[in-house]
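Okay, so here's the structure we're looking at.
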Amino acid sequence: MELKYIILILNGLTQSAILFVLGSGLTLAFGLMRVVNLSHGAFYMLGGYLGWSVVKATGNWPLALLVGGLSIALLGFLFEKTMLGRVRGNDLPETLLTVALSMIIADVCLVFWARTAITLNVPQYLNPTITILGVTYPGFRYLMMVISILIAVSLWFILYKTNLGKAVRAGVDDRETVSALGININKIYTSVFMLSGLLAGLAGVLGGSYLQLSPGGDTTILTLSLVVIIVGGMGSLLGAVISSLILGQIMSFGLAFAPQYSYFLIFIPMALVLALRPQGLFGRQI
Amino acid sequence: MSESIRNHQASLEISDLQTYYGNSHILQGCSLKVGKECVAVLGRNGMGKTTLMRSIMGLIPPEGGSIRWQNIELSKKEPFEIAKLGIGYVPQGRRLFPSLSVDEHLSLTYRKTGQEGTWDPARVYALFPELANRRKISGTRLSGGEQQMLAIGRALVINPSIILLDEPSEGLSPIAVDLVIDTCRKLRKENISILLVEQNIHVAEALADHVYIMLSGKTVFDSEANKFLENLELREKYLGL
Amino acid sequence: MKKPDQPHALTITAVSKNFSGVQAVRSVSFEVPVGERRALIGPNGAGKTTLFNTIAGELVPNEGSIHFFGIDITRKSVQKRANLDLGRTYQISQLFLDLTVEENLYLAGSGGATKAFRFFGPWKNNKAELDWVQEVTNQVGLHKYISSKVSELSHGLQRQLEIGMALAMHPRLIMLDEPAAGLSPSERIILTDLIKKLPRDVTLILIEHDMEIVLDIADRITVMYHGSVIAEGTPGEIRSNVEVKKVYLGSSYV
Amino acid sequence: GVPAVAPAPAEPVAEQAAPAVAEPAPAEPAAVAEAGKIKIGMISAFTGLFSGFGEMQKQGAVLALEEANYMAGGKQIVLIMEDDQLDNEQAITKSKKLVEQDKIDILTGMVSGDEGLAVADYMKDKNIPVIPMYSASEDITMREFHPMIVRTTWTGAQSMDVFGYWLAKEKGWKKIYQIGEDYSFPWNQSGGFMRGFCRGGGEEVFSVWSPPGSTSDFSSMIASIPLDEGYDAVLYNGGGGDAVNFVKQFVELGYDKKITLIGQSNTFEKPDLDALPVDIIGSYSPHHTADDLNTPEWNAFKEAFNKRWGRNPSAASEFAYSSMRVILRAIDAVNGDVSDKAALVDAMLKVDMTDDPRGPVSLDPTFHSAIENVYIREVAKAEDGTLYNKGIWTVKNVSQFGPYDPETYLKQPIDGNTYPPQKCSDFPPVMLDAENVYEFVEFGK
Amino acid sequence: MSRFRINPVKVTFYVIAAIFLILLPYYVSQYTVTTFIRIIYFGFLSLSMGFLIGQGGMISLTQTAFFGLSGYIIGIFGVERGLMFPWPDLMAIGAVAIMAFLFGMIAMGTHRIVFLMITLAFGQVCWAFAAQNTTILRGWSGIRGIRPFVIYGINFNEYQNFYWASLILFALGIFILWRISKSPFGLALNGIRENPRRMAAIGYPVYWIRVVAFLIAAVYAGLGGILAAYNTGIIMPTTIQLSRTIWVLLTVILGGASFFFGPIVGTFVAVWLDVLISGVTERYNLVLGVVFLIIVLFSPTGIIGIFDQMRNDKKFNSIINFFSPKKEKPNS
């Protein structure tokens, strides 16, 4: 019986890992840049599909992770440069652009990839069955936890040890003034959006390996990532970490003890947080 | 900013500037020069002083005329490029960032140069001690006057060769105004040029070497500062005093 | 001018306000009789605006009480206080940027719980209110800009509108937070005249750093320093107060 | 035996490389209401979660039409396809378009049960025959039956009743742990399963339900399966992406070595099967087709399908093919005169379906539903390494009511997530003592 | 006063448009009429969202939940309990108003992006509840068999009658909302959009104004929901899912959120594009996406914004000026 709880906690952590990668990507775009990026779910899906094709062609999973992440970063770069940048600071058109983009991506995925659920094959060496203290658990899931910790650390460095985070926040407050202070805010915005895309792409490959990719899955993913940043607080890295840890456990235990209402359950912390602390656990007062 | 730019002959030259907001033609031929001196632009409300400053910074790109800074044409450049050429800007109305703390305002643009006498956050805090014990709070939580000080400090840590001040004394107590005047004098000693827009005539009097008068988007008059300010007739004519 | 039984326009009793660690206002008490022009001065960060905000209701004082014409308003909402005819301006303009000058002033002139819930007649048909808007516009010198969007006004013009917003409210007590800041010298003269012409039953509290205006207008002056009141008196008394000179006026007013 | 499954073009990209369908005239302007043509509207989910099924349906239907050269009863047949994105409201909007603008003569398609019910409800008073293809909600041909409905395919409970009965009776299993998707199709499948299982002598089908399409990680549900309470097997009652997730995680957590896994009709269906790990070889599931059927009809169909689409047919494509063939044959039977819809429906009921690829099918004249074979299958590995569903038993002539007479059956509540009861002892006695009519024949005999 | 001056061009336009719409069933196919009915009920929904965004600056992602709620009430009380017109309909509006009121009380303390988040959360909770409640709301299957009534001998099952009824309701709805947006209340709402802090300081009950605006908008969404339920005959969770909400937001922005008629224009265009493009190609989502991209890039303020832009555009004006040399050209 105890074994069961250990597995539940591990499942929760696995969920947290993927939620964090997703949520931190969205928190960059949504929370920091204030771009209501509704194509985050589509980015995830496209990244996953590209990774799938790479695995299919080469069998090289690390390469797939790289390609999935980088190509979405590139897509983010192009999208920001050619489209979002033109209506920057204008939240409604921005939103519409991201919606339109997600429609296009979803349809393109339908054309080029399967209409049914597919998963990325993780090679055996990355997914050994690991038994620790009598608990048998797939090695790939441990790997996911490690990857997400690495991502968290690098993000922390980028956001808090460089001027990037400050510059983006200042840019959201007053774009003109920040550029008059000698900061190339356009470039910074593009980089942050790229970073957000990179994370979505990585999440897609990770998620597509651990779960599956299926048509129409983008809205579910979008919803989940929104929940993460609502609970954690927009633009807060620590918030994304804590909220994905909480949500991961809720999802895991919810599925074990009240599966019928499991999806409903993840909205409860969200509702609580919004009622008591609308800016999220670690969000700034706005 | 590097020492090399500072040692260079600072000179800003604007001629026949034309600037529009949408369809309205705001600057209709505005010309002025700033050497190694303090130049004040005076005029009533709504005459286009701020528009001039913003045009120089590239925030509203002018559609005609030229702005030359150390023989570089600025009118087609992006604001951040202009700022990087050693032009500091204190915008009107402070325009601080609500999401940045006082400390972050100062560290955002500051780059360590390691040289003596450069402006760094510590020096700004020494200049405005009021800011020093407010480091962690959001810039917009400061009192009005403190915000103005921070806006000035924020431009100083760029270590510019010329600084554009748009009503720097607004909201400052008389004692703080004195402090700003002193600071500007110090800047002048460090050979930094100043382009000043002011409504507080005492400040202009204390600092300006040369004044320009703006009327409906045009520079209509200029002269040496003391000549203009001592001439009551001219003051009456252009400033309504 | 104050009848003995009439309450003061404003009575502030031992008001304190702190922000996490900063004591912005320390046990400030004073009274303003009806019809007085009171100036509030003090160095930057002295707590003047914070005190204004506790009077207007945007901040709740940690201690003390505030009475407005004898009514305890310490815990009343901003809106309730405004409905008691307490008008104020902001040091940093708080305008409706995407609306026109006319719309801004119309809103200011027709606030109140019931007037907002008129769903049918177009507001453009309310002649009495529009006439009043017109009058205020003339008073603050914005007649040329009446149908301009506020975001298209220069800073100084916005400051003028800021004053108009308070005037349009028909206030019994008007609180101006640095009304002259951002105004050109000639506009300052217009402002001084405007304030002087206010009917004498309107009480005025003014924060201002332009000492010429303060000395010209004020009946009494209260000086704040580090959150406390350090002096109160007539313009003459304040002018010659050594401490005030030291902490506030500086060398220019020797 | 025979390498039942030819190298499957599992490469989904190849699917697109296949010759594009000569888009059968969705672009056709409504104005072409020529008397010479007969219009068949087809609604399906070509985008969204079930778009895989929609695609297969389209391929089956188009194949049938092409074989007939888009001609029947001497008239040209026009197929107009509409995508409803698996949104029932869209399904109705699109039905309206087909009825009002295109003025179709026959409506077919529909993937999910709810979609079918919604469309059937809208079509109630339209006097246009409705032929649901993969949509398996039993009420379409039961409680909400109306005379314009003809379903030549299946209901959710139809195959599962046989399956449950077989497991209890032949394998002697007593307790099943069911994890199901919480909506009407799995409920119906579960209902059939429980009735069959209890009737066959089972004791309990313990059920937990999870929301469909959104539960991404089942590991926690899997970890909660009690291994020490004597369950004979875990029944995963779900299909599509959820099934892929579930089965993968089941294997990853090592549960395939601890307890037997069985599935509902769609769990191991192609092409989702291609995404599943080989560890599930041997898992049972029931359906009305099996990948290694070795009848001349099936082989011919498979060959034709492969030739046209470059892949093997699935149940969904067979159902679409056979439905479309019934439609075409009925039009032939009325000599192309489709103006009398009642006569057309009558003709459909009389169509000879003994040569159907999946085995002989006949239609119940009262409820217009199919009486047909059920195959019990197990997952097996073909020589080329791909997985397929290998038939092991055949049960002939199964009706949508199973062994029950319609009256008794219809008196029972609609299957849901709380009905039938989990313990067989709580079952209404009438449900337990129906006379056994199933005759199990070894597959291929 | 000049405010009452009647613009003959405008009046002629409105009269022609009205005649065109009223006579519609006589000269177009049934499906075109059905499409117009769809435009009307989605129009109510996007008007509701557009009103909040444009007038009040509140991006609410809960409107679809109100749309769905009234459908569910009609389904539960009209179909399952068999109540007769107008009871289910009145109950639907009542339920929407109550829910909007309660929810407004919770959400109206917040502004901007936090408000967006709260409303998103609320919409998602409603959706998750509808999907998972199998006892009353029937889970994923939803409630079927909703049919319009026969009232005073007029059978609203006839599509023409239903169309006219919807049209009248819509025209009335537009008129009322238009009046509201021009009223002191509308102006107050604009003020709150621009600066809630100042609004409080000049004496407006900011919170209650927002609650009332939210209530009004919710009723509009509810009305749309009633028409939709009757028209499709079914109510189910997909009606209120996130992608629908996003679609409505899209129509609002597409038409131009800051213009009163923006949401209606946006719905009109989006629905027709959907109908036309999905008739031509299976890749209509892709095509639609591209079309939307182009429209936004061309005119960030939406379709109506295009016309507005043309009026203000310097280049465009200089073309006009070229033809009317009286106006002085800016010398640059």
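First chain written, first letter: the chains are A, B, C, D and E, and each begins at residue 1.
We take it that contacts are C-beta pairs under 8 Å (C-beta built on N, C-alpha and C of every residue); 3 or more make two chains touch, one makes a residue touch a chain.
Owing to the predicted nature of the structure, the values given are computational and were not obtained by experimental measurement.
Chemist: Could you work out how many touching-chain steps separate chain D from chain E at minimum?
Modeler: When the steps are counted carefully, the minimum from chain D to chain E is 1.
Chemist: Which neighbours do chain A and chain D have in common?
Modeler: Under the touch definition, chain A and chain D have E as mutual neighbours.
Chemist: With centres defined as the mean of C-alpha atoms, identify the chain lying farthest from chain B.
Modeler: Relative to chain B, the chain whose C-alpha centre sits farthest away is D.
Chemist: Based on CA centres, what chain would you say lies at the far end from chain C?
Modeler: Taking each chain's C-alpha mean as its centre, the farthest from chain C is D.
Chemist: Give, as an integer number of Å, the spacing between the C-alpha centres of chain E and chain A.
Modeler: 32
Chemist: Could you state the distance in Å from the CA-based centre of chain B to that of chain C?
Modeler: 29
Chemist: Just give me the whole-number Å value for how far the CA centre of chain A lies from that of chain B.
Modeler: Going by mean C-alpha positions, chain A sits 43 Å from chain B.
Chemist: Averaging only over C-alpha atoms, locate the centres of chain C and chain D and give their separation in whole Å.
Modeler: Between these chains, centre-to-centre, one finds 76 Å.
Chemist: Give me the residue numbers in chain B that touch at least two other chains, ranges are fine.
Modeler: Where chain B is concerned, no single residue meets two or more other chains.
Chemist: For chain D, which residues are shared contacts with two or more other chains?
Modeler: 47, 86, 182, 211, 417, in rising order.
Chemist: If I count partner chains per residue in chain E, which residues reach a count of at least 2?
Modeler: Counting only residues that touch two or more other chains, chain E contributes 131-132, 285.
Chemist: Give every residue of chain E touching chain D within the complex, in rising order.
Modeler: Answer in residue numbers: 29-32, 34, 38, 131-132, 134, 139-142, 144-145, 159, 228, 232-234, 236, 238-239, 275, 278-280, 282, 284-285.
Chemist: Along chain C, where are the residues that touch chain E in the complex?
Modeler: Touch residues, chain C against chain E: 56, 58, 77-79, 82-83, 87-88, 90, 94-99, 103, 106-108, 110-113, 115-126, 165, 169.
Chemist: Would you pull the chain E residues touching chain A in the complex into a rising list?
Modeler: Residues of chain E touching chain A: 53, 106, 109-114, 116-118, 120-121, 124-125, 128-129, 131-132, 241-243, 246, 249-250, 253-254, 257, 283, 285-286, 288-290, 292-293, 296-297, 300-301.
Chemist: Spell out the part of chain A that touches chain B in their complex, as residue ranges.
Modeler: Where chain A meets chain B, its residues are 163, 166-167, 169-170, 172-174, 176-185, 284.
Chemist: Which of the residues in chain B end up touching chain A in this complex?
Modeler: Touching chain A: residues 57-59, 78-80, 82-84, 89, 91, 95, 97-100, 104, 107-109, 154-155, 158 of chain B.
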